[in-house]
Amino acid sequence: MSRKKELLSRVGLRLDGRRADELRRIRCKLGVFTQPDGSAYIEQGLTKVLAAVYGPHQVRSKQKAQHDTCIINTQFSMAVFSTNERKKRPRGDRKSTELSMHLQQALLAVIKTELYPWSQIDVYVEVLHGDGGIYPACVNAATLAIIDAGIPIKEYVCACTASLGNNDIPMLDVSHQEEVIGGPTLTVAALPMSGKIVLMEMSQRFHLDHLPKVLDKALEGCKDIKAILDEAVKNHVREMGSSTGWANTTS
Amino acid sequence: MEVIESFENNLNLKCKLQVLSRADGSAMFSEGQTVVLSAIYGPVEVKMQKLLIEKASVESVFKPKSGLPGVSDRYKEYLIKNICETALASALYPRTAVLVNLQEMQNQGQLISCAINAVCLACLDSGIDMKFLFGAVSYFLTKEEELTLTPPINESSVKAMFVFVFNNTKGDVIASHTEGRFSIDQYKTALDICRDEVKKVFIFFKETLLDT
Amino acid sequence: MAEQYKSLHPAKYYRDHLKHDIRPDGRELSDFRPVVINVGSIKTADGSSIVKIGNTTVVCGIKAEISRPKADAATKGFLVPNVELSPVCSSKFKPGPPSDQAQVLTQIIADIVGNSQCINLEELCIFPDKIAWCLYADLICIDYDGSLIDACALALISCLKVVSLPEVSYDPSLDKQQVNLEKRTPINVNSVFVSTTFAIFDDKLILADPTVEEENLCTGTLTIVTCNDELCYVHKPGGSPLVDEQMSDCIEKCMNRSNSIKKLIKTAILENI
Amino acid sequence: MSLCDAEKTFILHGVAENFRSDGRDREGYRPIEIETDIVQHAFGSARLRLANTDILVAVKIEVDTPLPERPFEGKIEFFVDCSANATPDFEGRGGETLAIELSNILASAYKSPKTFNLKKLCILKGKKCWKLYVDILILECGGNLFDAVSLAVKAALFNTKVPLIKSVNIDGDNVELDVSDNVFDCERLDVTNAPVMVTVCKIGDNCVVDPNLAEEQCSVGSIVVAISQEYFSTVTSIGIGSLHAQTLCSSLELGQKVGIRLNEALMDTLSHITSDQDFGFLK
Amino acid sequence: MPVDHKRINGPEESVPYELFARLSGLTSEKAFEQLYKAGKRSDGREFEEHRKIFLKNGAVSQAKGSAYIEMGQTKVIVSVFDPREIPNRSDYSLKGELYCEFKFAPFSCAKRRLHQQDNEEKQYSCIMKKALESAVCLHELPNFQVDIYALVMHNDGSALSAAITAAGVALVEAGVPMYDIITSVTVGIQQGVKLVDPDSLEEQMCQVQFLSEKYQDNNHGLLIISKLHTQEQLCQFYQNGYVSLEVLKSGLEVLSKTCEVIVPLVQKCLIKHITNGIKS
Amino acid sequence: MKEDSLVCLPGQRLSICDKIYTSGQGTYERKGYIYSMLGGVVDIVEKNGLKVLEVHSNGQNTVIPSQGDIVTAEVYIITQQHAKCHIKCIGNTVLKSSFRAIIRKEYVRVTEKDKVEIYKSFRPGDIILARVLPITEAHSYQLSTAENELGVVIAHSEHGYPMIPVSWTEMQCPKTLVKEPRKVAKVVPENMTTDILSVLQNNV
């Protein structure tokens, strides 16, 4: 346990100079591509993720079609050069199938699927550069892409990681370096407004009384991320709107 | 070339039925030091490509003790599949499938004959219709040209091995698998001796069924 | 019209023919199809042979490579036989990994080579525990028309008889080997195995050298491999039971067929030199 | 993207009058944007946007032992990954045939030593050499993939920084290399002769360069020409349809002319790029 | 090499013995030297002379259409199977499809090839598919797929063109509707010298770029085309290496001339097949 | 086949394509000329003043079930709504590989379409004659036996003996005299291919 000491210096600064409850710089852009119905690009620190949404369109294989809801089909793939160790195959291994299933769960909780029976929505996520917090970046990128595609959702779904520095101070938005050196990381995907948790995943072990602290910190993180995403969406809509002249109607 | 093994020393066969709960019929069978676990699932639903109109399609899987099934296990599956196709009255279950699963637990030399006997016991246990019972005996020819029932201890001293599968009605040869080189009359003597030995195997089958 | 009848009721079509002891392709019950052997036609391989039994065609090519012997068998080289049922030979086989039938054939051919001890693996070892020959024997089926074990076995044995390996000198101190391509010495083959397949039709008729239709309709097959007037493989994978007389007259037919095949192999090899 | 016959004839007439639907003439290219040094992990990277075709290329370098039959040369390997972002049918293994076709054409274009000299990648004859992994990620397909990929690869190789080998010591069998860890002193690859590909599409009875998705649909036959210093390093016919010998020669000439012009344009844009303008997708 | 559970595996790694042989000293440059001086090729052929071709159809009894071709030492067998539904495709497509697979036998080349299809074979299958797609009337086979398999038993140069020509014959014998007879030829270019239908040594020689100052002309490469006979159309064109435009054009003329030389032979083989089809 | 018939190869120019000569089966028309598509024999068929050029290859040509063909098929699965079968021969040409086909309940017979029970019309293993309906789905052909001459031709009883048609709804097993319900094809000699008739005769 001693090695985790250096994660937080005495002054409370982390390895990359952030404070314990500070998110990495998030920059995002909607409508990056023309072909897909909705697309988004997000940078959380150095982690760069591209998301594209196709749909809702006719289901490709008839047996999977459902009469009352729309099915969400996701694919998570990491570019071969996204990690410093070159990956042999971009997708198809167990980890990427698991992450795409988690992504599907997160989106199912949000998208109003009952509006599109017999149809299918494809959400594809491509990680260009992986530097820790890959799954949360994918969830946030997918949310932006779905908004860009104009698919009705109940709420933003935001995800954030949190960890434990010097085994008592919860730290937010863990980078790859901290993941490798640091202790247990908790990944939370949540609906920030209603405070509901959609998906919670933990690596290594948490002590029981630390868990609530770290969980609250993660939920706070999700709220902040939601604010940033919301602001980016507003700019995008304003920018899109201005080209068609109805920008002056809103504030 | 005299026969070492005397008549009454049987092949110390041991068996336990109903070993697996999910299988329709299962048997843990051991012949000397060789132990095989077999299970029968049938008649079950069949995949479209494998469907046969007028009879059941038999499929067999042979899992080795360690590692992934290789080319030699495919050969054992092929052997067992053909034996079951002749023995089972598959015409009574058209358009269905019978799955035979085998797991090798321990191998002292008579792996194939032990597997075949295990399958027959599992069929009996599952109560599937059969035209006849089949029993297998393996027979070894050592370097010094002696024919013996029990596998010699060190592998190198085995010159040839015969595995014969007989049916219990007329005692005809259903299947034969051999290894190593041997002369024609050695083959014929081995065939006759095994035909007597297999009677004991069938007696053993009856006993196991009676006392379960 | 006969063709239509044959496709609707193949079994009945065959029974009508077999009533008069004639097979649809005009052969008697125990007749064999013509055998054609051609050796040494592929120059890029160290030994090659093409065998045609009736329409069934198998090409065998042996490529020798240098490798390190296994730790537990330090004085033994390798002979790696593999049967490939390529999609060329029949619409039943699709490209991709070998089908179950191909794997079973590979195992049978490997058993036959092992049982017959036709190649002494010690002779393939150049320097114990350091380097040894590894003969990759690849058998590819070009046309699948029944009794494939016979064709593969014949192709492999005739190919082994014409393999020639360059002379290798190994210097243990420098761990360097020097290959002299000009001086090529054939490997000695201790025994010649010949395989014959019979199909059992309706539990009583024994058809020798079955075609692919006969194999599909028969209720059992029996393959006997002779090796220098001994037997080295009797393979009957289930199927309708055989009485002892049928078994012995099959063995008897198989013996005199192997003599004629051995002569054929000798002539094919003489032509090649 | 299926066109009805009316649209096809419209495109046909446009090409006949040398005035295509988006205002270009037969030899005009759509606007191309190149950015280099996008991916931090990679030794060299480039992103190219040809109208809405979007390609990202990253080059990684590893130490490897040279092939026994070619001890003097390093190795270069092309890997193409069609991301499902481009179209839903690239999902799973959908994009594999296109990926294999692209990597094969690139491999045969870079095969001749005149185009890209692998001897410079050799560290120690027969023992150690550099292996270049050129990974191409296709983010969006807007037609004319071959040109976009070849330009992006050339830009990425231009941007690649090969680490300098300070010293090589050999004892017995194993070889230790120590690489100078200071980032700036590195060698650059000589990319002048690297081939540039031009797709020449035959629509109606004249040839067109840089076809977009619609034009690709109604092309009778098309060839891909890889040009390196006015020599042809690879020529392949793609798509269904056959060409008359005459049209083939004229498209070869057109391909060569456009290829040389395209290569010059690329080389001087690459030399003008300064390393700080990195804005990636956020632009 | 990952252990292949579906085959018998030899030792983990094995190396062809040619590597340890004393280098034969006959580098490509010296080989070209002798060839250039003699004005003739090693087997006595002119530069633009095609090797003797032996072509026979009906080589595989189980296939709908099959052909066996020998160009010099290169031996290729092709079989075509009658159309079946396109697997895993539900929508109704008006045009049929071809599935081509080109495979070298493990023993067919100097260096042993693996059983699995490697990149070069995938590329050749792709080229072969392109060549045949423009020769077959796909609209006549709506929603069907024709399988074409080519196996090279002995590769002594220009194996791909031999496969394409043989595939053309096999398709006609299989009764698949085709626009025209297809023939294919390869030419190797080195220092401006054009070697039609190169054997494997000449093919290697043309892929290598000569460094010595004696040879300034840096034209080298390989050119494969396939041509439709009556329509005079090139349905496939592949070139690699480093060739200038004029050499490429002159290479094209030589190739289309040689294609015409082969066509009568293909026609004779097909007519023989049709006539004894009529007689029986 | 007459001895002096004209042999042609694919891509061979046969004639100019004008009012008189038109391209028939096995030929295609390009730039005003008719070319042959198959390797085989050229037949010139007179159709109301028009000379139609057709090319027939010797039986090897690839035949695909097209609308209206009479096909021989073997039933392999029956459900409440349809019977699935493999098409073995189209007209007289035997297929090397069978095509998948389906007979829906409403196409089994002409009268009382809705009261049809599939298991009373077909059983797995029966050989039937049917007509191909217009092709809609990609992978399986729609067949119909809604004519008197179409339906079950050869059926085996429970005990394996070929049965004889007794009425157009029943067939009887000669050995066990058990009557089994089938949708029997009315045996009309000129429509039936002669040999199937002979098969029926020598089985009785």
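Going by the order they are written in, the chains are A, B, C, D, E and F; count residues from 1 in each one.
We take it that contacts are C-beta pairs under 8 Å (C-beta built on N, C-alpha and C of every residue); 3 or more make two chains touch, one makes a residue touch a chain.
A quick note: this is a predicted structure, and the numbers were derived from the prediction, not measured.
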Task: Both-way neighbours, i.e. chains that touch chain D and touch chain B - done: E
TODO: Figure out the least number of contact steps between chain B and chain C, where 1 means they touch directly.
DONE: 1
- [ ] Moving only to chains each one touches, count the minimum steps from chain D until you reach chain F.
- [x] 2
- [ ] Tell me, please, which two chains come out on top when C-beta pairs in contact are counted per chain pair.
- [x] C-E
Task: Distance-to-centre winner among chains (Cα means, whole assembly as reference) - done: E
Task: Per Cα centroids, the chain farthest from chain B - done: D
- [ ] Quick one: report the Å distance separating chain C from chain F, using the average Cα coordinate of each chain.
- [x] 42
- [ ] Please report how many Å separate the Cα centroid of chain A from that of chain F, as a whole number.
- [x] 59
Task: Distance between chain centroids, defined by C-alpha means - chain A, chain B (Å) - done: 57
Task: Rounded Å distance between chain D and chain E, as computed from the means of their C-alpha atoms - done: 27
Task: Touching two or more other chains - residues of chain B - done: 71
TODO: Please set out, as single numbers or ranges, the residues of chain F touching at least two other chains.
DONE: 74, 95-97
Open item on the list: Among all residues of chain C, which ones touch two or more of the remaining chains?
Closed with: 91, 103, 106-107, 110
Task: Residues of chain F that touch chain C when the two form their complex - done: 72, 74, 88-89, 92, 94-97, 127, 154, 193-196, 199
Open item on the list: So in the complex, the part of chain C that touches chain F is made up of which residues?
Closed with: 1-9, 91
Task: Residue ranges of chain E in contact with chain C within the complex - done: 4, 6-11, 13-18, 20-22, 24, 59-63, 66, 73, 75, 77-79, 81-82, 101, 103, 105-110, 112, 115, 117, 147, 149-151, 153-156, 200
Open item on the list: Which stretch or stretches of chain B touch chain F in the complex?
Closed with: 51, 53-54, 94-95
TODO: Within their complex, state which residues of chain E touch chain F.
DONE: 64-65, 81-85, 89-93, 137, 140-144, 172-181, 228-231, 267, 270-271, 273-275, 277-278, 280
